[in-house]
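Look at the two complexes coming up: chain A is in both, with chain B in one and chain C in the other.
Then we have the complex of A and B:
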């Protein structure tokens, strides 16, 4: 028996976030909540999202269960609702039933064996920066038509995002006073795929700030929380986004 | 789990692959460990089931490198090549982040690369731009890229494929070159040892002679061999002794094999079985029989009977096209296969089968035909009649053109005929 109810706004954001990386995802349900992990086919981007039980309006999960879904299909269902709606989801045999207002729609589940869940690697860097999402977005947009990769540099006093091609260049420098938090000893730098960063920032509709940690030629970890600043911490959807570094020659 | 999966080699020692191939591959991998080699890609080509893809996975496994694979079931157009192969080729791998931070840390595998279909429209879900994108990716990659394929020569004909071939180390996945090679003995020994080991583990007893039959029939297709032996187990011991139970592999039969079976075999059913998996059309088949029949049928009576059968089939094909009942074409094919029964006296000698003359001359005539068709088109517009009717009266226009200078000048001006077309018009005949 599984029956949950969640705000369309939250579900849409989760679906958009997953869609930045994959088209199919496997959700793990247990008594404490729902979690989902996904890696893109090139093993370059990874996402892990936790939806604690408390964010749901109704949460009935009797046993541990895995549900695999086509994310595009999920998004198509969500489109039927307006963001203030509430959606109730229940599992019926091999189908997932969505009730949104007067509409009932079922989508078929995917075979759990056909969708793989990655193991989240142990990545840790003590150097990090916490910055506003809109600041980061500006820097990314400036770099968008310059190159496919963006180089992030962190020093003890600022954060830089730089993109270069043979003919063009773009750079954003955020000094310490424009950052929420910063911790770094000496400069570290690494390049990451710009497209994924842009997609992530665009999908993060309800997050205001994010924590980015990395070091020299090392994966980038981005931690984010949805609906920040409203209610207590247990009531938030949180997630981690990982990006592989560009291999320098 | 099917045996092919269950017994898929995990270690290099388990591979049934000649040492010379493994040697070439590991030398190439060693180059990658030292830096970026000149040839950043490797092409493994050879028949299905010999272990090309498996070898790549096993080698990656031993190195602890993940494999980012794009196979024939993925869309492989320019966009998805960029999204997967390009990304994987220049970025690190999140699944194995750890100690080996610098240097290559994964293998990008483009499986069945000969099945990337360039030049199809977006609507038909083609792989437009996939090969040219891959060529670019190979130039900039920081990780080894491996392509596997069956049809190397087919692949080579695709646009941009030569760029890839020139940038790649090309290895033909041959188990052995000749049957008296040491490679051949080694291959046979490894293969039989492996089969017997699997049979032992599964607790199945099959006669060695039957194993040899299966091995012979599948040539070097190890996957085929395993599938066949597994099917014996499924049919039970009772059926295991009879050959017919083993079933036949679906491998595309080339036309030479089909023609040779048609002419040499006494068994009509066997001929039909060969045709089930053909990779040529019924018309091709009939033209090949037509071309080579006189060389095969020694007795005039056989030749006559065989042609009788073939011409009946040909009439049927004509009707099929006229009525557009294409499903009936298979009857024409089965009728043509009856040629095998008609040749009572089989030719014991080797016959070198020739390519149908008619196809050759037709392609030679194509240019001439095209100019004639153009001329007919122009004439038909002027004569307010169909091209077909114009063809029927062509002799008349031709006659006029040679006799009546004024007519010729007039028509030349009106239809803006080229010199070639004028010459063609003057030449009588259809």
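Then we have the complex of A and C:
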């Protein structure tokens, strides 16, 4: 028996986030909630999202199980609803049934074996910055038409995002007082493919801030929580995004 | 022949060269080819031909859906199977290849493509002949004499000889494998599945495309003939789609594997990198090669697909899918997946369109060789730079795989 109910706004955001790296994803369900991990086929980016039981309006999961879905199909179903709606999802044989208002729609599940379970890289850096999503977004957009990579630099007093091509340059500097938190000893810097960061930031509709950790030429970790609005203030949908560095030549 | 007429090679060159030095810059000698083909044409008495068809058939695309269907045969009795088997052509001289192909004489008849859903007796005869596993005797009576001007030279389709309208056709049905009879006889078997069924049973792709082109497979009511040009690429695409789906279940190659093949007027290269399936096919045509007759510099064109494939048709066309089939087969044999970067340089003098088999078979031959192994993509590219005439930075600038391969990748941190 599996029957859950979640706000369309939340589900849409989760689907958009997954879609930044994959088109198929495997969800793990148990009594504590739902989690999903996905790595893009080029193994450059990975996302992991946790949806604890409490963020659901209804949550009935009797046994641990895995459900694999085509994310594009999921998004197509969500498009039928408005963001204030609730969607109730239940599993019937090899199908997932969605009830949104007066509409009932079923999509077929994918074979769990056909969707890869990512291997989780061991990544940790003690240096981090917590900054507003809109600030980061401005810096990324400034770099968008300059290059396909962006170099992030962290010192004990500021955070910089810089892009360069033969003819153009773009840089954003956020001093300590514009950052929520910063921890770093001495400068660290690393470059990342810009496209993935832009897709992530565009998909993070409800997050206000994010924590970014990295060190010299090392994968970037971005931690975020989604805003649940009123109620449910205790529990959040949270996620981690990992991005491999672009080695400079 | 039309080719020699239009080129106007100065006689002084030919007199000094005599078919040995290729002074005209072509990769074959038009005079040698003419001398090889004409005696075969002279064997035809009146407007009638009896020969052993390899088997061979051509379906035109002009006038679609009302097209011309051309059963064909050389004026030769015996084992003619090498007139139709691309696997054997890369080992013979271009002159010999052309003389074989241009002596495949075709009898033409008008046919509506949808006629394959309820074939006439004649069409059924042509279907049975086309499916045969060995040469079969054909007798064709033409309403006009054959004119050697009407040959086929095309970048997708293998060259074929002249044609004349058919007055009468008699064909021996040939011999068929059980699986061929099964897919032909099964009225509910979808064409795509039938193609893969044949492929799995060891029927070569050039035979599958021929069977597809004469409308001998598919759900019976929907059966139709497919112009040869389209059927070749449809077969390469359909078969490679299924092989690619299979290899996605395997783990990746363990290092960057580099393959190189130098052949007349061409350099073929591949790097198979230890990542999930991605694919690119790149061509660089030098000035004076078939498709860059007037340019002043080599042009690099690359088409690319990510893990989930592409939704539009690649600009490069048939060679993209022919090479994709070759690399997918190579990976399936290794039971591995990889990010496949395939490039080809085409040099001046290679200026005859021979058909996509040339790419498929050269790629297959290349993947049958032992690869060079490198631990980084950069090392692999540096190695290839010793072979390429186009600086590798121009290749990399247009590469669809490179932006992914130059990134370290999360796997480095497992």
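Points worth noting:
The rule is simple: the second predicted complex is superposed on the first by the 241 of 249 C-alpha atoms of A that agree within 3 Å, B and C clash if a C-alpha of one lies under 4 Å from a C-alpha of the other, contacts with A are read in each partner's own complex, and residues count from 1 in each chain.
Note that a residue touches a chain if its C-beta (ideal position, glycine included) is under 8 Å from a C-beta of that chain, and two chains touch if they have at least 3 such contacts.
Source: prediction; values computed, not measured.
Partners chain B and chain C clash in the overlay (superposition on chain A).
In the overlay built on the shared chain, the residue A:46 is in contact with chain B and with chain C. In the superposed model, A:121 lies in contact with both chain B and chain C.
Contacts of A:33 after superposition: neither chain B nor chain C is touched.
When both complexes are overlaid on chain A, the residue A:244 reaches chain B and chain C alike. Applying the stated contact rule after C-alpha superposition, one finds that A:23 touches chain C and leaves chain B untouched. Of the two partner chains placed around the shared chain by superposition, neither chain B nor chain C is touched by A:139.
The superposed model puts chain B in the path of chain C at one of 110-118, 182-190 or 290-298, which is 110-118. In the superposition on the C-alpha atoms of chain A, the part of chain A touched by chain B in one complex and by chain C in the other spans residues 39-46, 119, 121, 123, 193, 217, 219, 242, 244-247, 249. Contacts from chain A toward chain C in the complex involve residues 23, 39-46, 114, 119-123, 148, 193, 217, 219, 242, 244-247, 249.
Those residues of chain A that touch chain B in the shared complex are 39-46, 118-119, 121, 123, 192-193, 217-219, 242-247, 249. Partner chain A is touched in their complex by these residues of chain B: 36, 66, 68, 70, 74, 83-85, 87-88, 90-98, 101-102, 104-106, 142-143.
On the side of chain C, the complex with chain A involves touching residues 249, 275-278, 306-308, 339, 403-404, 406-414.
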